[in-house]
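My questions will all concern the structure given below.
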Amino acid sequence: MGFLDKEFTDGNIVIAKVEDLFNWARLSSLWQVSFGLACCAIEMMATSASHYDFDRFGVIPRPSPRHADFIIISGTVTLKMATRIKRLYEQMPDPKYIISMGSCANCGGPYWEHGYHVLKGIDRVIPVDVYVPGCPPRPEALLEGLLKLQEKIRHESMIKKTA
Amino acid sequence: MKKAEEIFQLLKDNFPASNLELKTDQPTEAIIIASPLEIDKICFFLHDAPELLFDDLMNLSGVDEPKAGVLTVYYHLGSTKIKHKITLKVSTDRNKPEVSTVTEVWKSADWHEREAYDLLGIIFLNHPDLRRILMPYDWDAGYPLRKDYENPEFYQGMKVPY
Amino acid sequence: MMYDFLVDLFGNSVFADIIAGTIQSLLPLFLFILPFALFAVYLERKVSAHMQDRLGPMRTGWHGWKQTIADIIKLIQKEDIIATDNDKLLFNLAPIVVFVGSYAAFAAIPFSSYFIGTELDLGIFYIVAVTGLVVAGILMAGWASNNKYSLLGSMRSVAQIISYEIPTILVMLSLVMISGTMSLHTLSEQQTGYAWNWYIFGGPGMTLSKFLLIPSMFIGFLIIYISTLAEVNRTPFDIPEAESELVSGYHTEYSGMKFAMFFLAEYANMFAVSAIVVALFLGGYQSPVGYFGDLIGASWMIPIEQFTWFTVKGLFFVFVQMWLRWTLPRLRVDQLMTTSWKYLIPIAFVNLIIIGLITLL
Amino acid sequence: MAIKTEEMVLNMGPQHPSTHGVLRLELALEGEIITNVIPHIGYLHRCFEKHCEAMTYPQIVPYTDRMDYLAPMGNEFGYAIAMEKLLGIQVPERVDYIRVIMAELQRISSHLVALGTYGADIGAFTPFLYCFIDREKVLNLFEITCGARLLYNYIWIGGLSHDLHPDFVRKTREFIKEFRPNLKEINDLLSHNRIFIDRTANVGILPIDTAINYGVSGPNLRGSGFKWDIRKDDPYSIYNKFDFDIPVGEGKYGTVGDSWDRYYVRVLEMEESCRIIEQALDQLPEGDVQSAIPKRVKPVVGNVYARVENPRGDLGYFIISDGSTSPYRVKVRAPSFVTMQVLNELCKGYMVADVVTILGSIDIVLGEIDR
């Protein structure tokens, strides 16, 4: 982001329109790393399944992180797993997004106090775009999280840095 | 089907030199207390004796008892053929916790023992592959299920407490 | 035909030759292959969704028709990752080779009697040879990725494509024996008239040998369809990119546009093999019921009708490929080899001999 | 000149589409043939046992849910059985019936996920979604009962959190009526599909002796042809009141104890669960489901071991009480944890693709392995 800072501080019509197109493409074709951690992964699977159908939003699970645009951290992240998740995140090509799904990924959830092996929040390791609360969040909540992520992408700009 | 008392009597007869004890003051099942270094022989006997045939190691749990200064291992045995059950218990010194492995008797003991080693630091002698199992291999902060365990502040640069 | 027209258009000079050549080679890409690949991806998602009681893409345009356009624009924007341990030259070359391999096959496919890239006398031979290039590309991709999954995937893929090319070629040979030509255009021309002149029904003419040929032709058709499924790595033969085993096979390490090239090549290939099957067995661009243009005396309509027929037939087989993919599990690699070497190849050989004997009649 | 060869070590997981979670397998390969499999677990170790020592007895119930997250009702059931044994509580009859209905519905939903993901592992993606459609209906039943879709906190020590919804009985009957034809459809699509049989029959054969010695239980043990079900052989709750069969593997398409047998036992078990639910619904008595819930859970000093038949096998709770309001030690015998050990034995000599098949057929849940 922001590589054209100096030349076009205000942006112009062409840039803005191309930007809209690019943002539209990015937000309507979010490919997900098919990666499940714990209980929330089951709800994530239910969201991809027929009843809730993630595919409506253009989300398809890709097994390889290289093909993916966003990752759903669906469940408890342990210390042993955290380093692997970081690596997984680093393998994804930019631009990449993260949805933290469920209390465990947000902040440690029910394991915050005595979980000697639980990472209290995935944001200690990788940056998170959208937090979805719940233990586990219902599929509707995850869909809402996705819509929020789309909204975020829609307002991204090549020129202006988003806060 | 054999009762705990009968099983205990059989064990007494076959291991006269061992220090065995039957504890029946429990609210539920009776417990046979054995010595930690002989448990493998006793288990072999329990597994093979035709009137016992304990072919199923239902559970193996390690317990930390700092007040008594011991680490305890409970063995819950069952038989799929005769359908009776028995609980064994061995206690070992907390500073030098050594118990004979029963992996030779039941393969299923392998990971249970690794877990007891991982979380409580009980060393199972002659275990084929005694490594940490649940915790990371480079975890050096001790054994989490011990009552005096203190969690480290950082692990590989990640903050551990909330 | 088209080439001459273009040369005329630009005047007769050396530049005209070059321009005409470029336009002619790019035209099918932009006119047909790219839109088709985009449409096929969309179709795949919609077909699978409706088979699974879902809706599929719904948010981009009417019933999500802009979905794959969004996918491609997004893939262009993605970071192009080349890991340090990759073999850079091969890694960059591989998607191009794969794409070229499947794209070049379209040159010899007769879309209609007027719209053929090049009317090669050795059309069948050319297609078999040029699609062989895909194998090299896949092997390059697998090796250059320096990833064990990619390597396993590409080795499986190469073994599979080579094994299944043999029954394909054997069936093609039997067709060549009957028709006496290797040109796909001539083959299509021979099957003119009505549906019973198609080679799947024994070819043109009302002779005894036609009726004797019908069972053999059906067997041949089945063999070539199964083999082409394997050649384009579709279920139940999708083991090179078996998601549940090898993550995604030889293109595991590719991101962004390079991945898109593999992706598009795969879908272009699907149509290419369907087109070959159609051209060989199902009358190519010929209408099964006669031409509307003939009926009303507007001969200019005929090529358009032919093009439509060809696309419809080709798409039908693409649809069948998708149908199979979302119904069947996949085979294991050894079972796949067994299917080819122990069943398809012997049957194809016997079939070839029978057809040879019948044509001698 | 002999070509120098070496084994290839393939690392599968923790992020891999078909390790059913965060399992890591280290495969030693000779070409595509497996010579050794080393599972590495613990990527989801959530310190359940440590939490138990810090929580009071009723507070532990939600944590048990999160172990085997595909069968939370079964986990709660086991914990409740163990605690009631320790406390000496006799629960009202209605509670027992409702618990059995819930546990069997849970068995259906859990097996549906097992079958669906198994199909997906082998490459058939559509049955996976068909299974999830039916599972969604079971979840709706749970939802009208206790408000949660996945983790219920429904079966409490001595009772239940809520009584049944007035519509529950009718809706459950409707579900079973709809479910039976769907089960047949899944059978047609997957179980008796030639390619599926080729992939699973004669793959990963588990003989009875090995299975028992490795502590394998549940459908995996029954798949080996051994009739062993705690619901019959060591009955708990009111299972002895119902008439149902224990399906075992028969080696219909191959050797007894192969992956197909293990898979098919699950299919048959769902039908048996339907039978149990129907019987329980017919006999369902009236009563108060919360009358036996103790005001304060403070058991005597002692210990208890209780086990139940969970969808994945023999789930055991070992609870040591020191007379206070929270347990001194809880150890869970997780069926998947024990079953995972047999993986190396099963996989040796097969191909990479078969690891996925075998792993799917023993149906593991990582939350339970790592706890």
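Each chain carries a letter (A, B, C and D) given by its place in the written order, and its residues are counted from 1.
Definition applied: a residue touches a chain if its C-beta (ideal position, glycine included) is under 8 Å from a C-beta of that chain, and two chains touch if they have at least 3 such contacts.
The shown structure was predicted, so the numbers you read here are calculated from the model rather than taken from an experiment.
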Chain at the geometric heart of the assembly (C-alpha centres): D
Farthest-lying chain, centroid of Cα atoms versus that of chain B: C
Of A-B and C-D, pair with higher C-beta contact tally: C-D
Between chain A and chain B, centroid-to-centroid distance (C-alpha), Å: 44
Length of the line joining the C-alpha centres of chain B and chain D, rounded to whole Å: 25
Distance between the centres, which are taken as Cα means, of chain D and chain A, whole angstrom: 31
Residues within chain D bordering two or more other chains: 16-17, 42, 45, 47, 50, 129-130, 133, 370
Contacts with 2+ other chains: residues of chain A: 50, 63, 80, 113, 116-117
Numbers and ranges of chain C residues touching at least 2 other chains: 52-54, 243, 247
In contact (per the touch rule at the top): chain pairs: A-B, A-C, A-D, B-D, C-D
Of all residues in chain C, those that touch chain A in their complex: 45, 49, 52-60, 64, 66-67, 69-74, 77-81, 243, 247-248, 251-256, 259
Parts of chain A lying in touch with chain C, wherever the complex brings them together: 21-22, 24-26, 28-29, 50, 53, 55-58, 60, 62-64, 66-67, 69, 91, 93-95
Chain B contact footprint on chain D (complex, rising order): 41-42, 45, 47, 49-50, 85-86, 88, 210, 212-216, 226, 228, 233-234, 299-300, 302-305, 307, 314, 316, 318, 320, 328-329, 331, 333, 337-338, 340-342, 370-371
List of chain D residues in touch with chain C within their complex: 8, 10-11, 16-18, 32, 119-126, 129-130, 133, 189-190, 193, 195-196, 198-199, 351-356
Complex contacts: residues of chain C adjacent to chain D: 48, 51-54, 148-149, 152, 235-236, 238-239, 242-247, 326-335
